[in-house]
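Look for chain A in each of the two complexes below; its partner is chain B in the first and chain C in the second.
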Partner chain A sequence: MAIAAKRARRGAEPGRLRRWLGPDASGYLLIAPAYVTYVIFILAPVFAVGVLSLTSYRLVGTWEWIGLDNFTSMWNDHNYISALKNTAVYAFFTLMPSLSLGLVLAAVLTRQIRGLSFFRQSYYLPNVVSTVAAAVTWLWIFDPGNGFLNRILGAVGLPRPDWLYDPNTALPALIVVGVWKMLGYNMVIYLAALQGIPREIYEAARVDGAKEREAFWHITIPLVQPTTFFLLIMGFINGFQVFDQIYVMTSGGPANATTTLVHQIYLNAFFFHHLGYASAESVFLMIVVAFVTLANFRYGQQGKLMEVS
Partner chain B sequence: MVARLARDRTDLLVYAILIFFAVLMLVPFAVAVFTSLKPKEELLFSGINLLPSNPRPYNYVEAMQAADWGRYFLNSTFVTVTCVVISLLFNSVAGFSFARLHFRGRDFLFFFMLIGIMIPPQAIIIPQFLMFRAVPLAGGNDIAGQGGIGWLNTYWALIMPWLAGSFGIFLCRQYYINFPTELDEAARLDGCGPLRLFLDIYLPLSGPVLAALAILKTVFMWNDFFYPLIMTTTDNMRTVQLGLQVFAGEYMTDWNLLMAAQVLVTLPLIVMFFFLQRYFVEGIVTTGLKG
Partner chain C sequence: MLTRRAFLVRSLSLTGAVALLAACGTPPAASPTAAPKATDAPKPAATTAPAATAAPAATQAPAAAKPSGPQVTVTFWSGVDPPVKKFLEEDLLPRFQKENPDIKVEATLLLWMEFFQKVSVAFTGGIGPEVVGSGYGQLGSMIGNKWMQPIDDALKTWTDLADFDGPALDSGKKDGKRYAVLVPGVRPFNYRKDYYKEAGYDPEKSPKDWGELRTYSKKLVKLDRDKVTRGGMEIPLKNGEQTFASFAFCNGLKNLWDEAGMPLFDSPEARETADYILKLMYEDNVVIPSDQQGVTGTAFQNGLAAQGYLQSQLYAAVEKASPGVLGVGLPPASTKQGSKQTSLVLGTFYGLGSKVKNMDAAAKLLKFLCSPDSLWTHYAQAGFQVPRKSLKDRFAKDKPYNAMVNKSMEDMQGWPIFPTFLEARQVIVTHLEAIYLKQRTPQEGFKLAAEDTKKLIK
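Right, the complex of A and B next:
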């Protein structure tokens, strides 16, 4: 916009303008399609959601500026507090097993294994499936009466929980699905990181008498630490945005046992039409995610990627 | 001899672990596929009966006839293909410009655009919804964007926000920035302008980055649920994921039909995964990101 105005103003002297813009002024035109899309559909909504969060806006009727009231009422909203707790539990307990198992499986796969690609494919396959499709399948597996899981538990004489219909087991059941989906992704990234470690290091350790398990603790784990950091951040961000799975499998129930941050945004905005309040919840989510992403850029591999350039 | 035995034993353990987890990962697929082939009465058989005793492929026909699946697949395909093709073009040309061209404010504009990587899509859905609802003179709206539904329930709402992406631009820029400057200088001496430079020199070299981006975007678009959930309400605008969720609500006890629909919705990406596996893995490793 500013460029067009300047161009019009200085139209009489194209030479100077061109020099000021740099040798490849057509670069502006080449970035324009992507940039306009970005400004209209991402940047403007970011500002808009900030503005909306300061209002009592509902889809219909009058509204007014209410300052930070939405933010203060968030902390007195027991649904929101449950959501915060559930989201943190979901993110943490999805992340820990899928990270540690992912690393162990990747380490095992770096041995001379027959059928490497079969195993890699099997572990990664759940990550290709959409969350909705995965959720529908697990809904059936967790079915208390006829589901596959309770049939197995019944066959070996164990108790058959109600899974998604019981407030105590619903969230753990959702976490199982999360781990199932994330494990292969973490494994593949770890596998790539491990393939970057020179074999000589392990051979030197073996010569020094280190056992395989010691090598894993003292060589592998420290050397993949940047990857672990990256996966931790990514897993945390993904975990904090969990919604599809919740919506399809439990709708946040039973008794709010599985409601999450994004589920609360969805309900307040598109079910109760409290758009101002839901915007405040969105701003909070945005701040958490932005903070974590910045940490990744600052301390993680992508930060290094930027420095190299 | 003892060492050999010990080695064989650890090998056995290694394979046992690997196979155990492979089975855990694959069981849900087996449950879905086998259930999709069972007649309804078999769902209630007692005991562990994974395999259908009397396979009924007609479930697939029945499932597809039970809802407007042709329309859902058409919608998903159209939205996915459009967004993938256009975003590849927009992202790569922008990434190229940020990497290889010299214009004032280039780096500022680039870093300013990176903010987009940090924004969770769900956090800005409310203004996006209001914006599409208020598009003037569309969907029964007046010139001020009031009175109707604007671009909600249209392809515009499903496509427009995904035509470019900060992450894709970032990826392309990182790819293009590694080429030697001699490449540009030679082309420029031959009289190439920026656009020709991109189309004739860089685009033919872009295979790996475009393949990775195309796969990430295809998976993201095909699997996206939240966005169509908010932007559409009518049956004829549903994508496959939304269709599957609604179907799951309506056919809650017809697990065989539901699994048949699930398998068909998932199949395109599974097939793509097996054919383009190398690019999948390379893609997620080099990007280390999804979507």
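Right, the complex of A and C next:
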């Protein structure tokens, strides 16, 4: 009898967990799978990398806490310094042309021109092509002796560089490939942004005597500023994380001329098993990316304000 | 209404609880003595492989027999190229299973570019394979990490040990113990017979020394307004340590490193070799830039160089693209008195992982992989050498250039086995690139490379 009463009382009253969670219990349950996945696969590994970066962990054998030693040795590692420099150059010079060309292309492709969808698809296609497949094709294009590019340059009497085998031209060649790949994505995002600008603004400008170029400078560019900031940050992050293209096309060579941060992390972690050191490199990369993302929040907001004003 | 504060508190509590749950759920870091769990091993490739195709001269596989007792499982991981993966999956492993119904092989065959990182993680996690096919340079690291065990006891049961070439059994030795059997892939001197004919050279004779090599290369090169469109000699600018070693061995350099991993390349022999290569590159302009490990293949392989040091596993691809054009000779000796014609030999090592649950079964698989039939399949399907004396004649008669390949094996040199090999290789590769690009002189480059290599040992 007493047990039955207890059961009935338990059925009527909410459980302890349910009481603790309050009326939002079902909401918590619904977000739980995504939350758990995030914790296990993102948060926990990030935490682990942070811890490992303070150790001399090398996959096997003993390890010890070494404080910030990994971080200080990074700045004496000439491979890492080369990687940092190359990554910054790659990120900046891939981003700027792909942003500006993406906007110009998007502006052109919002007009009613013949073959519009063909051009839109053509420019977007590189973005969906596998990086490895694209890289192999570009390897043949950049082949110094018999590549497509040098054949053309030779035909018009221009000097034919060794491209990926020359430290002066290897990184620029990779930047060309990076721009080619990013351009279509930027163009599509800009296309969406341009379609959100009310036509009336352009019409009003035209009535006021503004020329097309002036409208582009004074209406289009300011109004797509939030999109520009978004693309700037995403492009910067992608640029800092470049790996597959480098791995397939140059392996970081010649003479470390194209090694990047993620390439160094890969080599140190999976080839040389310097997990502690590679973790420190990852933490530094994460700090850079986090800094840039914070900048996105700040300046992206400014862009929005400009749109409102 | 949930307040912001309450939401934060509850979120953090939930995160903490989940993290704790995740931590508790994670298996503890494997202790060195933890035996690998067969159930944790990846899905076996062999069991899903199609029926065996008969390898050339392979003995007919016996009809499948029923296991006489409970089946034991052996895990086998190997780095492979696509042809090796194909014949292991479709021929050798099914044949082994038919011959040994009591043993189930769980095979994981990984392309070389992903093999080492995956096998490293597997060993560290306590699920390392029992039988391993490792790359030549990777063996030192694996022994250093205590992921491999000596196979001397297993070899005692092999009655045909005397049939093996010395290098097959000795290359995988470390501190007096044998850790693996080498299936060798030699790099003798290679040339294109059609290009030789075109240049007026006898297609059956290759240059004997560096002097002749320069003359040949100058005549064989194709230029388009000073730009090399076909190299007279392939000397990979990137990942070029193998070709450099092939030259340097013939100039009296014993090796690039010693058994402890200390550099031997900061020496007059290595500097002279680099000077000679720079002459070919810049004075003679006979070298087309290439990458030894590039995904599009080497220049020689693509017909873009007339001569080079090609690994024998790539002969089939050259033969397939241009039948009958491949010539094989001994590496040209340097012009120094008494210099030799030594070939670089690398290849795949088969050995036993440090934790083996059923030694008999694992040893049986190892023995099978190194049996005459299996080794012949390695040759016939993927171009490896057959390190068996009993098969030498048959090998020599099988292809017109095989007699010369056999001869090249008489004076051969592989890398020493040491734990820091992979890093040491990266050091010499980077510095060689700088030397070849004239960013540093050979003297400066090798000195810096030697300093960097010594730091690795420390």
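By our rule, the second predicted complex is superposed on the first by the 266 of 309 C-alpha atoms of A that agree within 3 Å, B and C clash if a C-alpha of one lies under 4 Å from a C-alpha of the other, contacts with A are read in each partner's own complex, and residues count from 1 in each chain.
We take it that a residue touches a chain if its C-beta (ideal position, glycine included) is under 8 Å from a C-beta of that chain, and two chains touch if they have at least 3 such contacts.
Please read all numbers here as calculations on a predicted model, not as lab measurements.
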| item | value |
| --- | --- |
| Chain A as common anchor, with chain B and chain C clashing or fitting | clash |
| First (chain B), second (chain C), both or neither touched by A:V60 | second |
| Touched partner set for A:N150, first chain B, second chain C, both or neither | second |
| Chain B versus chain C as contact partner of A:V248, first or second or both or neither | both |
| Chain B versus chain C as contact partner of A:W140, first or second or both or neither | both |
| Chain A: partner with more touched residues, chain B or chain C | B |
| Which of chain B and chain C A:F272 touches, first, second, both or neither | second |
| Which of chain B and chain C A:P167 touches, first, second, both or neither | second |
| Chain B versus chain C as contact partner of A:L21, first or second or both or neither | both |
| Contacts of A:L294 with chain B and chain C, given as first, second, both or neither | first |
| Chain B versus chain C as contact partner of A:A44, first or second or both or neither | both |
| Superposed model, chain B segment overlapping chain C, candidates 80-88, 116-124 or 134-142 | 134-142 |
| Contact residues of chain A, present in both the chain B and the chain C interface | 21-24, 28, 35, 43-44, 132, 136, 139-140, 143, 146, 248, 270 |
| In the complex with chain A, residue positions of chain C that touch it | 2, 6, 10, 14-15, 18-19, 22-23, 116-117, 120, 123-124, 141, 145-147, 224-225, 227-231, 237-239, 288-291, 293-296, 299, 304, 422-423, 426, 429-430, 433-434, 436-437, 439 |
| In the complex, chain A residues that touch chain B | 20-28, 30-31, 33-35, 37-38, 41-46, 48-49, 52, 101, 105, 108-109, 111, 113, 117-126, 128-134, 136-141, 143, 146, 148, 151-152, 155, 180, 183-185, 188-189, 192, 212, 230, 234, 237-238, 240-241, 243-244, 247-248, 262, 265-266, 269-270, 275, 278-279, 282-283, 285-286, 289-290, 293-294, 301-302, 305, 309 |
| Residues of chain B touching chain A in the complex | 10, 14-15, 17-18, 21-22, 24-29, 31-32, 35, 43-44, 47-48, 50, 89-91, 93-94, 96-98, 101-104, 106, 109, 113, 115-120, 122-131, 160-161, 163-164, 166, 169, 173-174, 177, 193-195, 198, 219, 222-223, 225-226, 229-230, 241, 244-245, 248, 255, 258-259, 262, 265-266, 269-270, 273-274, 277, 280-281, 284-285, 288-290 |
| Complex interface listing, chain A residues touching chain C | 21-24, 28, 32, 35-36, 39-40, 43-44, 59-61, 79, 132, 135-136, 139-140, 143-146, 150, 154, 160, 162, 165-167, 248, 250-251, 253-256, 267, 270-273 |
